[in-house]
Each structure stands twice: as structure tokens, then as C-alpha cells.
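Just below sit the structures, each encoded as C-alpha cells.
One chain, subunit A, appears in both complexes that follow, with subunit B as partner in the first and subunit C in the second.
So, the complex of A and B:
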């Protein structure tokens, strides 16, 4: 990939390309989702200490998906990656009830940034395969997503490990891209 | 009139003569010995120097005036000129200077002989050592660009964590943290050769100048409206910064006042490289608009635009003498340009099968290296006709950076396969694989003496090798 391709990815996406930003707390499942999208082996996912970028084809588009590490100490640097974002995907671990307010706070804080103002938001309610997971509608209510009046948004339940719901979410992404 | 000091420069070989004239005024005269070989007779070297001096007196064919650059902020004639004409040098002055130097050389033949012999002994030293990982420095996020100071005692690292670190290469201790940017620090540079200041370029759209000794911020250079991807000091006085930005412009800033001196606007897309010529009078820029451009700093005018590539440029560099420029492009070619004739490239380098990602000259400018997404690097002899000298094959992923060791016997490559590699320049054989990084290697550099290597990676660390 190299530094040069990082510069190329700073440019506004051409017509049939889009820049997708994948954010969420640590252990939410962002990298696993990214690997599912790229049809890669998900057995060896470790915490992301920087970022991962993959390009995937969907619906005639080339999606450049940026998966950004979510650990507490590197969250202040999420802003590095906001410019020219076409869709924001926010991933929430539906079994992690303890950190629900924390993830909610982070989400609403980043939505206040000017560069993400007009950007459509997809929330992946991840880990639906686990028995104690909140459903997508429970999460929507708990996270008060109704407060997002002005924004195009959607919430989709998914399981990154078995792939359920991922395609459905990405279909929404392609339909609602600000293009 | 006397010769008070002789400075040696090993890479590329050269001398600087510190002279004092009758009035007690001291001046420094540079003599480049780019073709010096270990077995050349010292007498014939001195003879060549004298002959060159006489020729320069007769022809006065230098492209650049020897005077220090004056940075005119005024707007001059903005029409691009196709050919770089020689500025009207003060001919009488040049003649006196030549005469003066000839006198010096005649009067001080013995010390000069010793100095040249010392340069030749350096050429005989073994330069193909093995390197071992010595130290590791961790950032919070991936690294970007890195560089050494002239002495090799400090190196600079840029990072996605917005901090530039000055690292002591001996014990890997962070001497200074340069904090202040609001986004990725992408480019880092010392003012060469003094190295008492640092300039950083950031995705926050600013460049900052820092005091290297205490990390104090000296000034912030505002003006660009998008990410800044390169910033460099002028090589003569270190008082002007040239920047390149994704906003499509290159700019010149004065660091005393932090004012913008010039906006260099001609490119139709992002500018990713801006490099001063050695004398500080010219700037070359490379752009995603598939052209490079040469600017006359004193007038702020475009001198020439280098049109020959059909896709984005990935880099452009001067050779040491600044009479050649090499450009690399995503159109899978590199091109070599003669500065006196810029309407067509001198050579098209077409060996690579995919995008050419980097290009560099060796220290004397006799060889060129290119690297590519096709996982290879190649070395070319560019002294006369273009000849491919060697192909470096072995990386398992694209090769994004390439550089020569200062003596030129080794080539270093950085790749997305998590390794940097060292190769014998002549044969293309791999000398060693520098492995240890957990993610792709973004950048690499040799110290000026060639005894230390630094590699920087997406794995949030840089490694020092000796």
C-alpha cells in the first residue's frame, strides 16, 4: 500500500468509488466485519493499533473501507480520518451493556464534527449470534438513535463471525451514499 | 590571500576551501570531485580541477549564478519559459574568483594532495557491512516519514499520532517530542547541514518550524487549504520553507516572519513533492496531474513544466549537480530529464511492469534506482546511454521506497511485505533481509555516514539497525 497510496486515498473519491469509515469501541468487531467484507479468514483478528484499509466491490462501486482502532487511548485520533468520508459505519457490541453509554457518547460526539455532518450513518448492532445480545431495536432505543433527526441513518443487526446481516447493511450503504 | 581550512565531503567526494583574501574576508569555495576513483593519481586530480577552472572561466557555462539566492516576493513576469537561461552572472566577478582559486591551488598543493588522498582512502573502506536490529521506538499510531541529521546522532519520526519525535540514535531515547499539530505529521526534515532546526508538515494543513535542541515551536506556517505532504528548508540559508500540498499548490514561506512569500500555482491537481535545487534558486514540484514543474525561486515564476507521463507522479528528484531530474509515475515508467532541455525526456525508463512508486539517484548522480508495485527495484546507469545494471527480485509485495547507501554499494528497499531489504547495487543480489516489523514498512533511510539505518512501519514502531 505504501505512504503514496495513503495520499491517493486522501483525494475525494471518484464517481464510482466511496470512502467508508468504520468506527466503534475496541472489541466491537470492526476488523472482523472488514475481513468478512473482503472474504478473508477471520480466525486471526487482533486488536487494531492503527488502521486497516480494504477495497471491496459492491453494487458496481469500489468501497474503500477504513477500519480504525477503537481503544480508548487512540480514539482522540479518529478525527485524522474524517475528511472526504462518504458513509460512516458505527459498530456496537450488543452484549456489552456496561459500555453502552460510553459507546453512545463517542458516537454522538463524532457526529458533531463538521466533516461528518452530511454523512449517512449505518449502525451495525453486532454479535447477534450471542445469546445475551440486545436486538437491533432494543439497541436503537437504548442508544436514543431517534435523536438523529436530520441525518440519514439505519440500524442493522448483524453477526460479524458468521456474516449474518453484513450484506443487508452494505446494500443500505450503497443505496444511501452521498453521491 | 591564504587557505585557512579544507573541509572534506565524502558522499559525494568533494572539498570546500575556506579562504581568506587580502582584506581578511573569508569565503568558502566548493570543488566537486564526483568522478574521483581510489586509484586516480592525485596529480591528475589536481590537474583536472585546474582545467575545469580554466574552462569555466572561458565558457562561463554554469546554469546557476554562484550568488546566494535572493527571495523576491514581488510579482514578475509570469510567462513560463521553456529553457532555463543562465542568469546574468557578474562575469568580471567570476573571473576574479577563478583566478583567486587557481592561486590558492598553486600555493597549497601539498595540503590539497593530502585531502584528496584522504577522500580516496575513504573510497577503499569496506562499505557492505551487515546490519542488526538494535533499538525499537514505539509510537501510538503508524509512522510516516523519517530522516537522520547530518551526524547520524538523531533521527526524526513523523506519525499518525500527530507528534514528531527527535530520537537519539545511540540509545533510542526520545530527546524531544514536537507536539502541536492537529493531525497526522507526514513530512519531517532537518535544515541540512546544520541540523539545529526541524520542519514538520501535517495533514492539518500547516507546517511548523522547531528548535531541535529544546523542541520549542518557532513558527507555524498557515495558508494551505488542504493536507501538507512535504516541507523542506532552503539549502543555503535555511530561512525559507518550500511546501507541497493536496490543495494543488506549492508555497514558499519565510520563517523569520512566518509570512507566505509565494504561491506556486500551475498544477491541475495535488502537489506531493517540492524540492530545492542544491543552490537554492530552483524548486522542482511533482503532482498528481502527471507533470513535474520547475520554478525560479527568485521571481516566483514557472520555468518549465515537464510533460511526458500519462498518470500521477509518485516522486521527482534532482541529481547532485542539479543538471538532471528524474520523475517516477504510476504510468509504470520513470523518466530522466536534462535541465537544459526540458521539452522532452532524455530517457524513458520502461522496465517495470506496474506503477513506479519511488525513484532516487546515488550520491554522485551516476546511477538511478526505481521501485515498483511489481515487487522489484531496478538500478540504471545514467551517465551516457541508459543501461539497466541490476534487478532486485525477492520482495513478496510492492516496493514503495528505495534509496542508495551513501557510498552507493548497497541499495535499500522498503516493502508492503513487512521487510526492508539490502541489495548489492552491482549484482542485484540480496545482501540481507531486515525483518522484524509486524506490518508494512513505510519508509527507510541511511545515515550520512552509511553506518545506521532506520525503518518506519505501519506497526507503530521504527527500528534502528547498525
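So, the complex of A and C:
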């Protein structure tokens, strides 16, 4: 550690903190996105038992990103993490057409919760690097996202594996942070 | 305090590196033994000796030895088990020539040093083997992968036949959904091989752990937790923290490090994690992250002791 970074460490951090909740079905790519955000190795990702959390600095914000496991046995615990969420990020595997209705059902169900009422929503249309993936607009239509009239929301196509689209999505997150 | 820590961590090793040749020269003159000899004769057999030999070789300034080490590291990437066993012969002869150690005067040096060399490079060889398995993604079109997956089911649930390849039954052994193929993720075939070894070689222990995983309050997803422990075993192997255990195993069995030792190390971790999990009395699966991290710290602490050798004869105590 050099002297400069030493001094920087001693200075109190002025950053505002924000709580980001990362949800979606199992195998959607939540943990890979989390690792991309933290610039960590994504090759050795494992299925999430429970949850992961990382703090990432972005645009003067300190983002505390909560990645909650997506398997159905864990989904009942999602609601324990709703309180004080600033932005909800919902991740969908665009190659998993069979579970499209399942992921859609989960999304609309969790949006009904009062604690998430005013919370902006970013949908990551993940796995765009795979040949048979639906595009973001195809997904928006299939998932009937137009039903989200009142809410601030956005859909962004991304590939968690090569990082495409992640930055665009996070820029939107920082701009639309709940005040 | 801050500055003091910083000095201790940064400056002392640098000073030591500069002083090292003088210390070595001093000791060489007065003991008439080179550093490797002092370690081989002086340090206790096992991890203590092997790690000191490894460190001494890695710090060597001698061009011949540096070249030799590079060749060894390349060789163990792909060599066979037989070729691996031949490696020490060459290393011993090069070191004896460079350090002018006469085998007539020092007959004990060659076998003791050769054993350390075998253990050091068989560990590195193992690392490549494990990495290849990990990097091979699970492929549902690969017959070999599919057969191993079915064998895993049959060994864990011998009394319950699988109704189909895609079925909710997979959740009974702790996979996430109705098809385990996407659950191996970054651990690839390594995760499957680890679980299969556990169910095959430690049948009773595996059934014992699987039963615990179905506990109404402290239950967890067996296969998913198993894959997360593959990640821990892999991480400890790769970082080198696991060297203490592997060098001690190699020494006590008088064998080179091998894939079987890795599987057994994994089985130890999974078996002990299960015990640790129950003892922690978790509220639910959401406590996994914290308990997993605490368990990893315990293992790391044990691995800081040169004498650590995890016992892999997993005994199920009957209640």
C-alpha cells in the first residue's frame, strides 16, 4: 500500500449508501452479475445457498448489493430483504423460455408488496451472449412489462459473462435511485 | 499503529531478502552444510520440512536451479503418474551437482530431499488435474457425465428409483430444480466427481449427512451445499493453504499427492461442515453464508499449524 492510498483510507468517506436488491430465478445469473460489479473472477461461481452481499462504489454512491438465492426453497425468504430497498434489480435468463411464465409470476408477485411500492425496477435481460437468447424488447413484451404503469422501470439487455450492458444498467440505477 | 503494521508487512520481508544471502553464507561456513541440507536433516518430516524445502528452492538465485524449477512446473501440467515419480531423480542430481553435495559423504540427503521434491510437485500436478475437472462444464449431452449423475442418485437413494431424467425428485438430494445440469456452474465436473466419491467411498457418512440435510428445522440443500464445499476445497488447494494437510498425508502414507487425496479432503470438509452447521443451530438456510465463512476460517486456522492432518476416516457415531 502506498502512502497516498494510506491517506485516502484515513479520510472519512462522504459517500451516500444505497441498498440494491438482486432477485430472479435460480440460474438467472445474479451472482455472476454481482461478481462483475465487484470486478471478481466469475469462472468459479457456485449456486447460492442463502445470499451473497458486496459493497461496490459507483458515482459517489456506496452500493450495498444483496444477491439472494433464486431456488424455490429460498424464495419464501425474499420478503425478509425487502425493507429499505433503494432499487430492485430483477434478472431473467433470456434462454430459459420454459420458465418465462414462472419468472414473470414471481416478479409481479413481489412487486405487489408494499415495501417495494415506490422502488424503481431494473430488469436485466441476461445471457445475450448466447445464440438463442430473446432480446430485451422481446422479453419486455413476453413479460408484459407495460403493466408496470406507475413504476419507474427500465429493461437492459446484458451478458453477465462478458460484462456487456452491466454498466448501462448500473448507470440507470444510480440516476433513478429512490430519493 | 497503522504505520507500524505497514512497516512490519512491507519492509521487514524486503530487509530479510537482502540479508538472506549473508545469513546463508554465514551458516554454510560454520555448519559446512548448504541450506537444503540443514532443512532436510533438521526439520521434522512432513509439512514442516517439505514447505521449508519448497521455500528454499523458490528463493534460489542459482540460474541452473531456477531453470530446473521452470521445467518442472511445465512438466507437471501434463505428465503421467509414472513420469511424476521419475522427477525427483533429476532434481536430486542437479541440486547435488550445483551444491556440490557428495552422496558418499551425505548418503541420507538424496532420499530425504527427493521425497520432498515428489510431494511438492505432485501437489502442483494435482492442482492441474483438479483445475481441468473444474473447467469442464457439466454437459447433459455427454454420456459419461449423465451416467455419473445417475450413479450419484442410485448411491444416495438406492431404494427409490428415479422416475425420469427430469423430475422433482432431484430436490430430494438437494439440487435446486428438476434438472441438476445447471447446478454445477463454475465447479463443473469436479463438483459431481466430489459428490460421487463421497457417496461411493463413504456410503454411511454420506447417508448420515443426507439425512441431516432433511432435518425439518436445520435442513439444507445437500447437493448445493456439497458444490459450495467443492468451491472451498478448490480454493484452499489453489491458494496453497491446503499444502500443510496434503504434505502431511503424502508423508504419512509415503505416497505422492493424488486426486484421491483431494476427494478425501473434500469429504472431510463436507462431513465436518454438516456437524458444524447442526452445532450452530441455524435459523434457516439464509444463515448459510455466515456459517460457511466461519467454518472456512476454522479450517484455515487449523492449516496454519504445520502438524495438521485432517482425519479422513469419517466415523458416524451411532446415537
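What we mean here is this: the second predicted complex is superposed on the first by the 164 of 179 C-alpha atoms of A that agree within 3 Å, B and C clash if a C-alpha of one lies under 4 Å from a C-alpha of the other, contacts with A are read in each partner's own complex, and residues count from 1 in each chain.
The criterion applied here is as follows: a residue touches a chain if its C-beta (ideal position, glycine included) is under 8 Å from a C-beta of that chain, and two chains touch if they have at least 3 such contacts.
No experiment lies behind these values; they were computed from the predicted model shown.
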| item | value |
| --- | --- |
| Subunit B versus subunit C as contact partner of A:27, first or second or both or neither | second |
| Contacts of A:79 with subunit B and subunit C, given as first, second, both or neither | first |
| Partner chain(s) touched by A:49 [first = subunit B, second = subunit C, both, neither] | both |
| Comparison of subunit B and subunit C by subunit A residues contacted | C |
| Which of subunit B and subunit C A:57 touches, first, second, both or neither | neither |
| On subunit A, the residue positions that both subunit B and subunit C contact, one per complex | 1, 10, 49-51, 69, 73-74, 77, 80 |
| For the subunit B and subunit A complex, residues of the former touching the latter | 140-142, 144-145, 160-162, 182-184, 186, 203, 227, 229, 246, 270, 272, 288, 312, 314, 357, 398, 400-401, 416, 439-440, 442-443, 458-460 |
| Subunit A residues within the subunit C interface of the complex | 1, 6, 10, 26-27, 42-47, 49-53, 69, 71-74, 77, 80 |
| Contact footprint of subunit B on subunit A as seen in their complex | 1-4, 7-8, 10-11, 49-51, 69, 73-74, 77, 79-80, 83 |
| Touching residues on subunit C, where the partner in the complex is subunit A | 2, 6, 10, 134-135, 171, 176-177, 182-183, 185-187, 191, 220-221, 224-225, 227-228, 230-231, 234-235, 284-289, 292 |
